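Paired with chain B in one complex and with chain C in the other, chain A is shared by the two complexes that follow.
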Partner chain A sequence: MAPFALVTPATPEEAIARLREGPGEEVAVLAGGTDLLFDIEAQRTRPRTVLSLRRLPWRTLEWSGATLTVGSTLPLRSLENDPDVRLRLPGLYHAVRAVGSVALRHRATLGGNLGRAAPASDLVPMLLALDAEVDLVGPEGERTVSVDRFIEGSRKTARGPAELIRSVRFPEARPSAYLWQRVRPFHDISHLAVAVALSPTDGRWRVAIAGFPPRPVRLPPAEAELDAPYPTDASLARAAALLARNAPIVADRRASEEYRRQLVRPLFVRAVRAAVPSPRAP
Partner chain B sequence: MSDGSLRLSVNGREVVLDGVPSDERLLDTLRWRLGLRGTKEGCRTGGCGACTVLVDRQSTLSCLALAHELAGRSVTTIEGIDVDPLGRTVRSAFERTGALQCGYCTPGFVMALTGLLAERERASSFDELLEDLGGNLCRCTGYAAIVRAAALARQERP
Partner chain C sequence: MSVAPPRPDAALKAAGRAVFATDLELPGMLWGALVLAPVAHGRIRSVDLAGARALEGVVAVGHADLARLTGGLSGDAERPAFPRDAVTYRHQPVAAVAAPTLERARAAARAVTVAVDELEALASLESIFPDWPGSEAGRSPHVAAHVRARKGDVEAAFREAELVVRETYRTASVHQVALEPHACVADVRDDRWTVHTSTQSPFGVREDTASILGVPESSIVVDGTWVGGGFGGKGASLLEPYALLLSREARRPVRLALTYREEFLLGRTTLPSVVRLETAVRSGQISARRVRLLLDVGTSLPGRDFATGYSIGFLLGPYRTPAFEVEGYAVRTNKPPFGPHRAPFAPQCAFAVESHLEEVAHRLGVDPLAFKSDHLWREGDSTPFGQRVLPFGLGEALGRARETAARWTREAPPGHGVGVGVGFWSTGTGAGGEARLRLSPTDLTIVQGEREIGSGSVIVGLAAVAERRSGLPRERIRVAYEDTAHAPFDSGVFGSRTVGALGRAVDEALVTLLGRLAERVGGAGPPTLAVENDEIVVRVGSTERPIAELLTDAEREAGGLEAEGKHYGRGGTIDESLVLDGTFYAYTDFTGAAHVAEVAVDPETGTVRLVRYAAFHDVGTVVDAASARAQVEGGVAMGIGTALTEEAIWSDDARLENAGLVDYRIPTLGEVPPLEVTFVSGHAGAGPFGAKGLGEPPIIPVPAAIASAVRAAGGGHVTELPLTPERVARAVKPH
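Then we have the complex of A and B:
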């Protein structure tokens, strides 16, 4: 394997300037490296230059009222260890814990997970259900895009060749849940995963499912079937049936379409029941 | 292509290494440059936990970390486990419960458990501790004794 040049810019400006020198495909951005190094080892990608973000000041986590902003290079384990994340975004807490192992999450990052856009990401579906936004910085300045627009497909994102993910923003605390099915409970890829969240602002549910190519998806028709904030059994059953019938589920080498359509119903029903806010909560 | 000299603290000793290629994994630096063969190579893809070491007291998969990315950080391997009173407790718990069969996964388990006990409050539940050990595989399937070792170490933690 031909080694690459490892560059470690000290500021975002320096990093963007280096990315502008391009050419895009030959420069790989390294955050935690747990996915990138795996691909380099398998020779699925052969970057000439690896640009490390480790010296950038983006290892941050900040609550401002109900809004959470997570720096793109914060290790996932730090996100999971924040007591407010567990309390106010429980679905995010469980989605983060579904990624790899503790030792992996000490290095893996939210920015890296988004930037690498793995088709079976455990974080993207939860980010969709939480209406998370991605803050990008590049030669033209800053811009913010929704996660739904940012993820364009399997391993495809809206990040420009000289742009970097600076942070990810969660607009509000939401009752939420994340459930998955896989062969091994830990350190495995989900065959199917369901993320649900209830927005206290507009009183509507968000539903996203994942685990199959090309990318995690929101399911607005199923969302519309769910009564809020407390879905009746009938509305839950209607939404579940709609999901099982109409979700764009496909087969891949890990599971058949039929198996996944069978799984989506119970996972979805359990996820909604787990997320429903307690009637006595303030 | 190398990236200049690399400074690391390994088991409490400062080391300066020259000529480390940019793509070298911490695992290979430890095993082949520093002769610390206690850290095992299992799957080399982050799936088995055999190569777990501590970086600034946090468990880290040494197969998925570039050595140069850890410049200036403090690395602890199984060879340095006794320097840390918590590490000594965990190592001793594994010995007293006989928590090893072939032994290949043992250094990774000892490092992972030491990292978890260093990180978590005493209040975190035993179930959660076991969940957090889920990234380490024992292909001998000797988990029952490993669970006993984890319980003992948690109880005796200094």
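Then we have the complex of A and C:
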């Protein structure tokens, strides 16, 4: 691994000040390091300075009514262990559980996962379906953007060069589910994933699909086909067909396009049924 | 409940006190790095070391330095340490550097300029023989070795057959994935070339290194370190010649270790194959088989035909075959040379032949396991190659497996399937070994030349043999290791041979030692050792004497009574009149296993989940129950990878696309199901007390058993390894 200077500021102000010094491409932000360190080792990125967020007071998890705010440096394992997350945002719980291994989730963070914007992220699709928002803090102050706007592409985000992700906000508890397909069930990268959530406020479904480049996406036409709260088999089938046909799926070395499209229907149907079990079910 | 005693190395390794090669730091040591070829195939114009040598404290060596040493030769023609004029695989080492820090060594490696005219790379069997088996591969310049043998009137048998089944199977390239990458520390002083290295065969490395460097074997000292897993990947020299050259140039010790990425890129491992199987059936019995094999052997040079000449017998399976024709092609590509991976290529062969014979049985409308049992070799039978089958417990193992499979099938819920796979193997008792024992008044020391590679075969297996022969409790038996300058010769920890062959040498030495003691004691009956009042005593009949009283002054001075043992076994023989071309290898000591797998298959996604697993092994005699069980557990876990997830992916220009553990997927503990292990005994092998080898057999039947279970669960007939969800989903029959 190429040598770099490690900076561990104690306050957000210090961190932002260091980022302002730049130059941008030579300073890498570390919030767990489970992805960044891979890239440094493989020399895909060669930062001179690594700015670690581990001393910042952002390892937080806060429920305010039905709204959940997660500090960006909270280890994923803590998110997964919160009993309310499992109860009120079950899709998020399952998406977090899909990331790496237990040991890795003790280090990896939600802010790190968002900031790195890996095309096969297991968290971004669920964040999309939950209408999560990203709270950024920078030299110009604070701003909030939707995850959909924040993720601009593969490894590309709307984070400014001197900005940091402070927290991620989930506006409401939602029946939700996250299902993935991989070669190896544990500690692998999903080659197709489906996130679904039903908003109790507007009574509409959100559907996101992921596992292929460049980034996870929502598919509003398929969402619109779904009856709420209990989709009929016919509406599920129509939505599944739309998804399988229209999702911007491509092949890479992990899976063919044909196989990925074949996976959409079973994963999607199972996810919707898991999120909102039919009232007819025993 | 009995609790196995802790292994002698357990505390050391758990506490991090075991010194591995990468822990070894000698005074003044430099750090080494390799310069790797940028293309898969090309003509070298120049390798310019000046940029590296300009950095402070850096030494660099390349072909010219090696040629200087060997008097103009490029070392061993089969394993040149540096290529002279042509790069034959991507990331082939073309130079090596050493520096006071690892960072500077890596910078120096980058500063070496390699000018190569790139040539077209041969990447795959399909690109070389697109129409095979339609087209003849025989005369192609890309064939490194060709083997062919036949017996009986094969054409007539196929002409007169009631049923002919023809199928093609494909298998993937798999890597050993030892936890510890290759590493060594070389220290050349005067004319003594010492290398501390992680190896399965110190004497093998000495021989290899001597021939590559053109240095007499007597000048080279190989000191084995602890080995963090070998699985065949650490049997031959890899880094030692480079490290020794660097140390000689620098006049300082040099550590050279691979990163895990390099471990994949330089890997000597199993490469892809295409297997064509044809079977003729008459009166419900196999009347003839045709087997054709295309095996990628990477840049192995002409004449390296071990892979085809040995493996092709496994494609006939352990089944009576009245007439057959087999033909194998070892095909050269621009990949690293083929190397052994636990039971080299046998799991892939077992997968193909077991799946194929199951298909034959299905088309005949008979029970596949009954069909296989009917054809299975029995003790005293001849193999298709005319080799006599000596004591063989596979029939009993398969019988037990069938009972378990029948019970599991009755219990299986919908969506589950139960399958059985069979495999046979040959214990490498033909490869020789020697040991020296020393009995003091307080302990028995086994002096030998192998380091423990993790299985326990050295530090537990050899001690267990001595315990069983002498009656002396295990805690009084020490397995000592010496480097190649001091240890008695041994071939290496490979081929499932450690207990079978080196164990025989230990046993022979102990019999000699006990015989001498008996002479000194007098009395009648077999001598045994025991501990009385903290002292070792020998008992012969009713006479008992402390060892201390039996030693001469000279022996006391030397630390005890010594005895030596050797075992140089004989290989088997085949009927050479059947061989039409190439070399076929006989098996030495038959062993076998039958495995039962239960899986759940998701027909929509192709996901296979292992539910439970049972393994029945003919091991002759179990010498240490805990180690034997652990070997089967490890072998099955490794086989699950070969069966379901592991696949090195090569691009069209012979680039390894998944050189790392993110996309090269070994199983996690989560995929290893509850496992029942049963040993079938009473079919004595050539090892001590009738023991047979168990290092490799446990991996062999795994892909076959899992593929059979997937098929039973409705997952379709998959003819390609590994059985990834995508392949299974494609094979699922439309409902």
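Just so it is clear, the second predicted complex is superposed on the first by the 274 of 282 C-alpha atoms of A that agree within 3 Å, B and C clash if a C-alpha of one lies under 4 Å from a C-alpha of the other, contacts with A are read in each partner's own complex, and residues count from 1 in each chain.
Note that in this section contacts are C-beta pairs under 8 Å (C-beta built on N, C-alpha and C of every residue); 3 or more make two chains touch, one makes a residue touch a chain.
It should be emphasised that the depicted structure is a prediction, and the values quoted were computed from it without experimental measurement.
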- First (chain B), second (chain C), both or neither: which does A:Leu263 touch? second
- Query: First (chain B), second (chain C), both or neither: which does A:Arg254 touch?
  - Reply: second
- Message: After the superposition on A, what does A:Gly211 contact: first (chain B), second (chain C), both or neither?
- Response: neither
- Message: Between chain B and chain C, whom does A:Pro3 touch in the aligned arrangement: first, second, both, or neither?
- Response: both
- Can A:Phe186 be said to touch chain B (first), chain C (second), both, or neither? both
- Item | chain B versus chain C as contact partner of A:Gly111, first or second or both or neither | neither
- Query: So, A:Pro175: does it touch chain B (first), chain C (second), both, or neither?
  - Reply: neither
- Query: Which chain A residues come up in both lists, the one for chain B and the one for chain C?
  - Reply: 3, 38, 42, 101, 185-187
- Query: Inside the complex, what are the residues of chain B that reach chain A?
  - Reply: 1, 3, 21-23, 25, 44-47, 49, 52, 55, 58-61, 64-66, 68-69, 112, 115-116, 119, 131-132, 134-136
- Interfacial residue positions of chain C with respect to chain A in the complex: 103, 261, 602, 604-605, 607, 609, 644-645, 649, 657-658, 662-663, 665, 667-668, 670-671, 724-726, 729-730
- Item | chain C-touching residues of chain A, taken from the complex the two chains share | 2-3, 38, 42, 101, 181-189, 253-256, 259, 262-263, 265-267
- Item | Contact set on chain A toward chain B in their complex | 1, 3-6, 30, 33-34, 37-38, 40-42, 50, 52, 54, 77, 81, 97, 100-104, 106-107, 185-187
